[in-house]
Amino acid sequence: MSTPMNNLGIVVRNIQRADAGAIARLAKFGVATVHEAMGRVGLMKPYMRPVYPGAAVCGPAVTVLAQPGDNWMLHVAAEQLQEGDVLVVACTTDNTDGMFGDLLATSFRARGAKGIVIDAGVRDLKDLTAMQFPTFARAVSAKGTVKETLGSVNIPVVCAGALVHPGDVVVADDDGVVIVPREVVAMAADAAEARENNEGAKRKKLAAGELGLDMYSMREKLARAGLRYVD
Amino acid sequence: MSTPMNNLGIVVRNIQRADAGAIARLAKFGVATVHEAMGRVGLMKPYMRPVYPGAAVCGPAVTVLAQPGDNWMLHVAAEQLQEGDVLVVACTTDNTDGMFGDLLATSFRARGAKGIVIDAGVRDLKDLTAMQFPTFARAVSAKGTVKETLGSVNIPVVCAGALVHPGDVVVADDDGVVIVPREVVAMAADAAEARENNEGAKRKKLAAGELGLDMYSMREKLARAGLRYVD
Amino acid sequence: MSTPMNNLGIVVRNIQRADAGAIARLAKFGVATVHEAMGRVGLMKPYMRPVYPGAAVCGPAVTVLAQPGDNWMLHVAAEQLQEGDVLVVACTTDNTDGMFGDLLATSFRARGAKGIVIDAGVRDLKDLTAMQFPTFARAVSAKGTVKETLGSVNIPVVCAGALVHPGDVVVADDDGVVIVPREVVAMAADAAEARENNEGAKRKKLAAGELGLDMYSMREKLARAGLRYVD
Amino acid sequence: MSTPMNNLGIVVRNIQRADAGAIARLAKFGVATVHEAMGRVGLMKPYMRPVYPGAAVCGPAVTVLAQPGDNWMLHVAAEQLQEGDVLVVACTTDNTDGMFGDLLATSFRARGAKGIVIDAGVRDLKDLTAMQFPTFARAVSAKGTVKETLGSVNIPVVCAGALVHPGDVVVADDDGVVIVPREVVAMAADAAEARENNEGAKRKKLAAGELGLDMYSMREKLARAGLRYVD
Amino acid sequence: MSTPMNNLGIVVRNIQRADAGAIARLAKFGVATVHEAMGRVGLMKPYMRPVYPGAAVCGPAVTVLAQPGDNWMLHVAAEQLQEGDVLVVACTTDNTDGMFGDLLATSFRARGAKGIVIDAGVRDLKDLTAMQFPTFARAVSAKGTVKETLGSVNIPVVCAGALVHPGDVVVADDDGVVIVPREVVAMAADAAEARENNEGAKRKKLAAGELGLDMYSMREKLARAGLRYVD
Amino acid sequence: MSTPMNNLGIVVRNIQRADAGAIARLAKFGVATVHEAMGRVGLMKPYMRPVYPGAAVCGPAVTVLAQPGDNWMLHVAAEQLQEGDVLVVACTTDNTDGMFGDLLATSFRARGAKGIVIDAGVRDLKDLTAMQFPTFARAVSAKGTVKETLGSVNIPVVCAGALVHPGDVVVADDDGVVIVPREVVAMAADAAEARENNEGAKRKKLAAGELGLDMYSMREKLARAGLRYVD
């Protein structure tokens, strides 16, 4: 096991993934809904974007801590993948080099991976789009990388500002990426479902012209806060 | 009325919108043309982008000054909308939180709004695109917002570097967003028309291989400025 | 000829373009492949992006050094274009103004240009997309520019971090932009071809589930570097 | 007079400056205090920083709208200065070129100026520091500028996100820059004074260990908002 | 205790701080040394800078998760401070508002705090410098904040890219900020001491002109990697 | 010799440095003066800043092309230094890691170096300041680096946007960094001297209240450009 003093250069083989049934339930909801259902925590920073429109994925995280300009650990991670996994790649420093492209996507898909979230650059954009391999990245860059310096696989990482433990669930779509800790996936799915059921009714009322001011009973609180209407 | 010392916490109900006929004339032109017609002023900074390709809108501004991480004033603004309005949302500080999404878009459209320009983040990108609700923003972010702190509605705001008075006309398309002050909308439409008429002839000549150097008679001025041709 | 003390205000008329046959061979390869084939040099920074998806171009560079907010030299450059050229526009300082739009694109195409790479802003995005004129830029901005200050045409420039000599070959696609010096275009095409031939076999193996760890014989080197597997 | 359609290329000679007595009273307070006294409006973005520690200035604004890479209008503005003025330089686009240095500082000081706030770059940092000429800028850059394109002097400008009318009061120190509209300078000074008187007592209590929680009676509101204490 | 589903709105009162003796030993070393001693992990991103030169602090973290534009939780945190603590303030989204200034510094110091690391803005720079209260921030901004929205105190936070648990040790100086997990402070101090002892000898040799190439025996590895010397 | 196809992994031992006498003459002038004297070319981007106030250096460049997160080539470069050299370190991609600190500064100084310009991060800020070793960098960061991947020494590099050949002269001070090509150092010194002589007279006139408008005879050109004075 890694300790905080030696968490570079290790690969954790046995990680506990979130419950597959709970993941399947969560997968029906979008990032915004899950983020709200989680109490508004766990969101990655907004620079983490899909590299093609419509990319979306949900699955347990296999985490990678990479070094700048070096994608060696992605090859190491391939062996740790199971069906349905999503790679989450953090880097020890801000870096946009093209650590991931169509060859690795082919390999990861063959090993069961459903997508990748990478706090670095990717390349072969055309191929990734043709493959429809859900890819979320901070940049597109053709910059090649080396295989010289050890990072780690399946240790806790901070990726785009979010803490990710191996086995946590990654939910990613056009709105960004949110991380759901392994222990609360079922709860998050429940909360998301409740929220979404609630939204349909709201949408109908708003579409009919009802104001949020009335629907959410905001007028009194606004007045108490001192809002003044003038002509 | 607001004074410079108390312009937070107020809603101005009666604003004077630009003339509808003039707006209709202006709506035929793109942002680049209108910006040039205006004498190259009024443009927002280029980080203000459409959230889906092809988004375009033209209409009088209902302005909002929001607080970071707080979309309360957007609900307040909904009640002030009239048919054809465009919301312009400024924020008291740089913020990318997802202040606007499909529920507010549904509400705004039901109240007559034709689009939104927001110096913050938006979410529910897929829904906004499906709705084809023209949305211009500085970021896409699923980050949820609260409803706790007063801002204002229909006061002059600075949005993405441009000064916007309520009732000014917003012209937005793939090239960005330009603001036309209420008093000069007809003049701007005239100037845009003149400019566009002029462009057709230019385009034909250029397509036929004529050089801008000759068409715009630049050679003498270049020589005077000291341009040297060498082999 | 320009010297380092007076390289503003000159236009070099006779430049030596890379060999057309070699360019044609190189044009079959993507940016990532060419960048690797070149030994991982010559790449522009990743902020240089196509302004519409799928834009791609390959051809000899006609270089421009422009001043901020001023597109005068682009008109001067038009006269220096030959069939197949790609404009590479650098700027004396960081600037996002819309120096290039549909009129210049029409002119450049009429004079033989196949595309443009510009370290500034462009406008008329809709038209450029409709024209399918391959355009790579740091920003989209409607901001108009003047024609007042001399720059130069066909001198060596640094564009988005890459050194470009007139006549060097520009290769640009969804992955970014790479510059191949005139003297090594044939060698680069050879190396790209060798690389690409090699990739097909690799892709097949990876698709069949073989690990990069084994295919590239990484296990021993990883062990030597100290990688530890834990449970 | 300028209209929104022709506000480039004009110099307004007669501007109404804020009352000198009120300015003198306001000058005793720092930016943070004045910003709070103003109801938290009027602040420039935090990238606007003093170029040497301890720079501070307070005075009526003479405004300049400059073009990128061009400091011609600063020379024009020199003639419009009166004793005690502070130059506020906006630019039609983001630009960091060194528009201002020791020669202009010498000229401006000779004409009565007390300082400058410039949304661009400055140079001759050593000299500006030796002169102790209060300078607030977005960057330090030796990049030279031309004198070719008209901007304007003494029109309303947006500088670092803040709207500035000629004659408004600029308050600038280590905490940034805030703009006080001409009409409310006396009111702002009153409010600042009240605020500052109040702060002394608070500081004493806090220094003695009293908690803000108690001093500001926050505990009940926190409980109502749902704050939970756990062990 | 907080769970991942409800970690907003809670204050954890009893945290376990790192051992005081170990902290005292660690306090003798700089950030670069500790970061190396830790195996090159735990460093905050380089935008986190001291607000005055020479600021330095070492102590156990009391963590705060704040909302953008809102410093309410800093007041709540004051009550949880013990002698020697260092506040670490994260924010739910990127924000530069001035959440911290001289009044809070006075209060925190009175309650025992030795410094603050805040992923937001601070103000009253002159006073903070005069007080010599070690302050590390992402920005200086006079922008005022409200007290309306709950965050949390003493939960794990991600601050400037680093994971911080309450009670972990913060080491901050001119080189940045590094976090040492509570459990390994003594080990980190040992490793830092070993490293520093080692550096003295190295420095002497290097000062005498010995090359790192020889001192670290790099020549053979360089040759193996393919380094070529040419004339 | 390196060719464009294999410029990684080489060290050029014999470079031709600019003439020592010419360098000595140039060293009397500041960056802004030299940049102007050069015809406004050769300046690095303004993010390249001295890490302590007052740092200044002038000397011939020994260039380094480093890989992100890797300072191996700096050790290789040490052996190539001669008395008076200035290191110029470029990186194959944007990187802020702390590649340079007090040990390397000690080594470089012992080998004759007078300063360093590095397009990456540096650490040991306190020591570098105490040593008064002129250091210009894009960031301060304690982030440690490895020694695993080859770059090159004494090949042409692009550093912070400027092209630098080995032996070119680096002039750096509080205003930034400018590169003077080896062949024109004497000419640049002449031009700088002429410019500086000229500035003394100008400064006197401006200090006496004369306007640049008159001193530079700008009024006619302004009128021709269409400047209007209004009241």
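By letter and in written order, the chains are A, B, C, D, E and F; residue numbering begins at 1 in each of them.
By our rule, contacts are C-beta pairs under 8 Å (C-beta built on N, C-alpha and C of every residue); 3 or more make two chains touch, one makes a residue touch a chain.
Please read all numbers here as calculations on a predicted model, not as lab measurements.
Asks: What chains do chain A and chain B have as common neighbours?
Replies: In this structure, the chains that contact chain B and also chain A are C, E.
Asks: When chain A touches chain C, do the two copies use mostly the same residue numbers, with over half shared, or different ones?
Replies: Answer different: the two copies use largely distinct residue numbers here.
Asks: Determine the centre-to-centre distance between chain D and chain E, using the mean Cα coordinates as centres, and give it in whole Å.
Replies: Measuring from centre to centre gives 32 Å for this pair.
Asks: Need the CA-centroid distance for the pair chain B / chain F, whole Å please.
Replies: Taking the average C-alpha coordinate of chain B and of chain F, the gap between them is 41 Å.
Asks: Indicate the residues of chain D shared as contacts by at least two other chains.
Replies: 40, 92, 94, 96, 141, 143, 149, in rising order.
Asks: Between the chains shown, work out who touches whom and classify the graph as line, ring, star, complete or other.
Replies: Other.
Asks: Touching pairs of chains, all of them, please.
Replies: A-B, A-C, A-E, A-F, B-C, B-D, B-E, C-D, C-F, D-E, D-F, E-F
Asks: Which residues of chain E touch chain B in the complex?
Replies: Interface residues on the chain E side: 67-70, 92-97, 141, 143, 146, 148-149.
Asks: Which stretch or stretches of chain A touch chain E in the complex?
Replies: Residues of chain A touching chain E: 3-8, 38-42, 45, 92, 94, 156, 158, 161-163, 180-181, 183-184, 187-188, 191.
Asks: Can you name the residues of chain A that touch chain B in the complex?
Replies: Interface residues on the chain A side: 30-32, 35-36, 40, 43, 46, 49, 54, 173-176, 178, 199, 202-203, 206-209, 211-213, 216, 218, 221-222, 225-231.
Asks: Going by the contact rule set out above, which residues of chain B touch chain A in the complex?
Replies: It is residues 1-2, 9-14, 72, 75-76, 78-79, 96, 98, 101-104, 106-107, 109-111, 121, 123-126, 139-144, 147, 149-150 of chain B that touch chain A.
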